[in-house]
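Shared between the two complexes below is chain A, which has chain B as its partner in the first and chain C in the second.
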Partner chain A sequence: MANPLRLYLTCIRNTLEAAMCLQNFPCQEVERHNKPEVELKTSPELLLNPVTICRNEAEKCLIETSINSLRISLKVKQADELENILTKKFLRFLSMRAEAFQVLRRKPVQGYDISFLITNYHCEEMQKQKLIDFIVQFMEDIDKEISELKLSVNTRGRLVATEFLKQFV
Partner chain B sequence: MACFERASPALREILLKIHTAERPLEIEHHVHEFGSVHYHVQSSASNQPYTYLSVSTPLLSQGLPMSSDLPQQTLEMVKGICPDVVEIVEPAKEGYRLTLKLNFARIPHSKVSTKMIRDISSVQAVILSSELKEILRNVDSQEVSRGLYKPIKLIYHPREPFFVIKQPAKITAVFPMRFKETEDVIIATAFFQELMDVGSSGACTKAPHCIWSAIPPPELRGEPIQDLSTNCGFVSFDITSRHVEGKKLDKTVWNLLNFYAFVKYHVKSTRGFIQRRMRMCLDRLVQPLQTAEIEEDQPVKKKAKGCRRLRKWISSSKLKILKRKYDFTNKIKRIRSRIKIHGFSRFRRRWLKMPKFSPVTRYIKLD
Partner chain C sequence: MAAVSVHQFAQCITCHAWSPDHSMIAFCPNNNEVHIYKLLDGKWEKIHVLQKHDQIVSGVDWGTESNRIVTVSHDRNSYVWSQEATEWVPTLVILRLNRAALCVQWSPKENKFAVGSGAKTVCVCYYEQENNWWVSKVIRKRHDSSVTSVAWHPDNILLATTSTDGKCRVFSTFIKGVDVKKAASASSDSKFGEQIMQLDLSYSWAFGMKWSPSGHVLAYVGHNSMIYFVDDVGPSPSAQNVAFRDLPLRDVLFISERMVIGVGFDCNPMVFTADRRGLWSFLRFLDEKKTSSSAKSGSQLTEKIGKFYGQSKYGSNDTNETSRTQGGAHENCITNIVPLKKPGDTTVTRFSTSGLDGKVVIWELQSQHDLLGYL
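Now for the complex of A and B:
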C-alpha cells in the first residue's frame, strides 16, 4: 500500500475507533420511537462535531457521529471520465443491494459517492473492530476494483481494435 | 442496414428447404429484416424448377427514391453471384427493386449447394456494397476536381450517414459517431483512442490509417450541420490501393459498411462485461462483514444413555429382532416340561412375548 494511502486509512481508522461509541437512545420527540439521531439532526445536544478527512481534493471522508448512530460518507477518486462512469455504476450497483451489506445506505449523502450508517444495534450484533476493519477494507477494495475494471475495459478495447484492423490486412 | 453476416439467415433457410424438398413445393414467403429490407420468395409446383426471389432494399446513395432502378454496375455484380443459377427478371416485380429467377435444377446436390445458396442469400449485401466498391476501385484515379474533394454522402441507415472523400492516392471514409447515452459515448471514446494507438503501432502498419477527432475534419466543411453534430467525434480511415486490390476490396467494403454496427456491438458487450464483473465482486466485498457477527454459544446436545441392554435391543435392525424372536420362541417350545401346568400357555403368550421396538438409533434430550 502506498504511504499516503496508508496514512489516510490509518487516520480514518483512528477516527472511527474514537467515534464508534454508540448506545441505545430513544427518540426524545416521539414516544416509543428509536431513530438514528445522525439522520434526523433535530437535537443538537445529541450530535458530535463532524470530521472531514481529505486525502486530496478528489478523495475525502466525512464522519458524522451522534449518540446512537454514525454516518460515514466517502468520495472516491475519479481521474478521468471512464473512471467517473465506472465508479458511478459500481457504487450505484452496491447501493441497490444495500441489504446485503446491512450498514450501507441506499442513497449517498450529497457531495459523496457512497455512505454507511452504523447504529447501536449494529454494534450490538457485530464486533466493533471488525466493523472498522470492514469499512477500511471496503475503501481499499473499491479503489482496486475500479482500477481493475478500467484496465479490463481498455484491454478489451485494444483487443477488439486489433481484430478489427487485422481484417483489412 | 448491414450486419456482420452477409447472407440472410431466414432467406438461406427458405432456399435450402426448397432445394432439399423431395416433391415440388408451393411456397410464398415475405421476409422483413432490419426494418427496411424486404424479401419475397415464390415457388409453385407448376413452374418447377424455377423460384422467384424479389428484393427491396434502400441504396447507399442519398437522394435515390425507392422506386428507382438499380445502377448498371450493381446489376452486373448481382449477375456474377451464380451466373448459371441466377437470372435477372426485367422489369422487377411491383414494389421491389430486383427480381431474380432461380433455377434450382442447376444447383448440384452436394456440399457445393450450401455455398451457392449462401451466396444467393447474400444478394442484399451485394447490392449494398456495389456502390462503395465502385468508388473504392478507383482509389488511384486522378479524376478529381481541381483542389476540391467533394465528400460523397452514403446512407444505409437514416440516422447513420458516413462520408467518402476522394483524394490523390487515397480515399478517406469519415464516420460521424453518435450515441444516445453518455456512458456509451465514454466507452466508445476509449475504444477509438485504442483504435488509433493500435493503428499506429507496429502490429497493424498495413491496416488503413485511423484518426479520431472530436471536431469535424476540414474535408467536411460545408456539409449540413445536422450531419456534423455528433457527441462522440469523427473516425476517419484512409484507404489506399493496397487495401482494395483483389479479394481485399470485398473485405474492406464490408468492414466499412459494418463499422457502426461493430462499434455498437462492442459498447453493448463492454457494458455486459462491466455488469458481470460487478456481480462477481459483490460476494467478495460482503465476506468481511459476515465474519464480524458475534457468534452466540450453541446449545449442547446431550445424548441420553439409558440401559445398556435396552440400547442393544433398540439399536438392532428389524430383521435381527424378528430372528431373535423366532429363535427364542423355538427355544421356549423345545423346553419340555414334565409337569404340565394348567394355564401356562396363556402365561407364556402374555409374559414371554418379545416386545416390538422401532429401530431408533439415538434421541436428543429436549430442554
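Now for the complex of A and C:
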C-alpha cells in the first residue's frame, strides 16, 4: 500500500530536481518587466514540455517548466463525496493563505486541486532541495490529513447521532 | 581540495569580474548596484559601490589592459566605468535597446564590447572620441530569441552568440575605423553583422559559450545537459556533442586547449577533457562532496503549517526531511566562472566561480595531479 506511493513520490522528486533549474530572465514581450514565463506562455521557445505523472486515474501531478518558473499542479485522490467536499474546503483554506506559503498559487490550474508556482526568486532565496522536500512532504501529508479529517467527521457524526437518538430510546 | 578560498559576499551574486591584478573584485549582489571589494590585510573590504542602474545588473566585465568596467542591466542601459583618482566615473553608452541586456564581454583588444539582449539583438559598441561616448552597431533580425551569451574570438573580429532558441551563431563584427583589416587574411566576410555560421545542435536553450585560447574550438552548453564542442569554425565545422547525466550547466571556461570546466545547477564544477585524438568527454567533478541521507518520518501537515509561521525554510535543519546535504563549496547554482590568469600565461590554473548562494570560490588546479597532464 505504501510502496506505490513511495514510487510515485520518488518519480515526482526526480522530475522536480531536473525541472527546478530556473534562472532570472527578463520579459521578452514587455520592457523592464520580469514575469513568470510559465504563466504568460507568450514565447513558446521559453517553455519546456509539460510532464504529467499519473498514479491512477484519480491521482496525478502536472509539472510545467519554463526558463524562470515552474508550476506544479496536483490532483488528490477523492474516493467519495465526503472526501470531495473535505478536499475542496481544506485546499481552499490553504490556497487563500498563499502568501504565507510563498510558493502556493491562489487558484489551482483547471482540472487540478492545488497548484504551486515556483519562480527563480524562490530558488535564489531558498535551497532547491528544501523546496522539493516541502512539495513531496506536502503530497504525503495531504492524504493523511484528508483521511484524518474524514475519520473525525464520521466519528463526530456517529457521536452526535447516538446522543440525539438516545432521547427516543 | 581544489577550492582554495571561499568567501560569502552577499545573499546572492549575479555576476562578477576581477581587476587586472586580481586584488579587487566587482560583483552584482542581485540588485541594481555593483560592489567592488578589495583584499586588505586578508579581509575583504567594500571600497566602492557603483550605483547608476535602475534594475538588476546582469553583466559585469573588467578590462585587463584598460582597467575599465562595463556593466549592463535589465533596464536596457549600459555604462563604462573608468577610475579617476579614487572614484569610478561612468561614461554613457548609447545601446539603443528596447529590452533588457543579458550579457556583456570586452573584446580581446578592449576597443569594443558586445552586449546580448532580450530584444533578440546583439550590440557591438565602440568609443567615439568626438562625443565622448560609446556608440553601438546592432546586429538585428538574426536571432529568434533572447541572446544569452556572447564570446569574442582572439582575433577581435569574430563574435559568437548563443540564444534561447537553441542556436549558436558566429558573426563578423568588423567596424571601419576601429578594426584594422588584415591584408593577409583571405576572408571576404569583413562586413559588419555578416553571419559566418549557424549551428542548430541543441533542442533546448543554449548558454555559456567560450572560445579556446587559440580560437580553434568553440564550446557552449545546452539546457538538455549537453555540452557542444565545435572545431574549425567556418564553412565546414565539425561538432562533438557530449551528454552527461547530471543537471545542466550554465557557463564554461577553457583552461587549456584540451580541458574545459563547466559550472551549473549541480553546484560543482565539471571537468571535460579531450584525448589525443581530440575527442571530448566528461572526466570528473572538481569538488569532493559528502552525501548523507536521513531517515524520513511522516509529520502532520498541520504541524508543518504551524512550523511555517514560526520557522523559515531557509536551510532549516529539520530532521524530518530527506535532503541530500551538499558538502561542496557552493550550496546553490553556480552561474559564473571567470579565469584568474596572470598576463603571459597561456593556460589558466586558477579560476573563480560565483553563484546564487552569494559565495565566490577560488579554485586552484595545481593540486589536482590527474589534471596536470591536460594543462
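By definition in this document, the second predicted complex is superposed on the first by the 168 of 169 C-alpha atoms of A that agree within 3 Å, B and C clash if a C-alpha of one lies under 4 Å from a C-alpha of the other, contacts with A are read in each partner's own complex, and residues count from 1 in each chain.
As a working rule, contacts are C-beta pairs under 8 Å (C-beta built on N, C-alpha and C of every residue); 3 or more make two chains touch, one makes a residue touch a chain.
All figures in this text were calculated on a predicted structure; none of them were measured in a lab.
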item: Touched partner set for A:Asn34, first chain B, second chain C, both or neither; value: second
item: First (chain B), second (chain C), both or neither touched by A:Cys21; value: second
item: Partner chain in contact with A:Glu45 - chain B first, chain C second, else both or neither; value: second
item: Which of chain B and chain C A:Ile67 touches, first, second, both or neither; value: second
item: Touching partner for A:Val153 - first (chain B), second (chain C), both, neither; value: first
item: First, second, both or neither for A:Glu125, with chain B first and chain C second; value: both
item: Contacts of A:Leu165 with chain B and chain C, given as first, second, both or neither; value: first
item: First, second, both or neither for A:Phe138, with chain B first and chain C second; value: both
item: Chain B/chain C common contact set on chain A; value: 94, 100-101, 125-127, 130-131, 133-134, 137-138, 141, 145
item: Residue numbers on chain B that touch chain A, as the complex places them; value: 182-183, 186-187, 189-191, 193-195, 197-199, 203-204, 206-208, 210, 243, 248, 251-252, 255, 262, 266, 270, 273-275, 277-278, 281-282, 284-286, 288-289, 291-294
item: Contact footprint of chain C on chain A as seen in their complex; value: 17-18, 21, 23-28, 31-32, 34, 43, 45-46, 48, 67, 94, 100-101, 123-131, 133-134, 137-138, 140-142, 144-145
item: Residues on chain A engaged by chain B in the complex (per definition of touch); value: 81-82, 84-86, 89-90, 93-94, 97, 100-103, 125-127, 130-131, 133-134, 137-138, 141, 145, 148-149, 152-154, 156-158, 160-162, 164-169
item: Complex interface listing, chain C residues touching chain A; value: 11-12, 14, 30, 55-56, 58, 74-76, 98-100, 102, 118-120, 144-146, 164-166, 204-205, 223, 247-248, 250, 264-265, 298-302, 304-305, 308-309, 313-316, 320-324, 326, 331-333, 335, 356
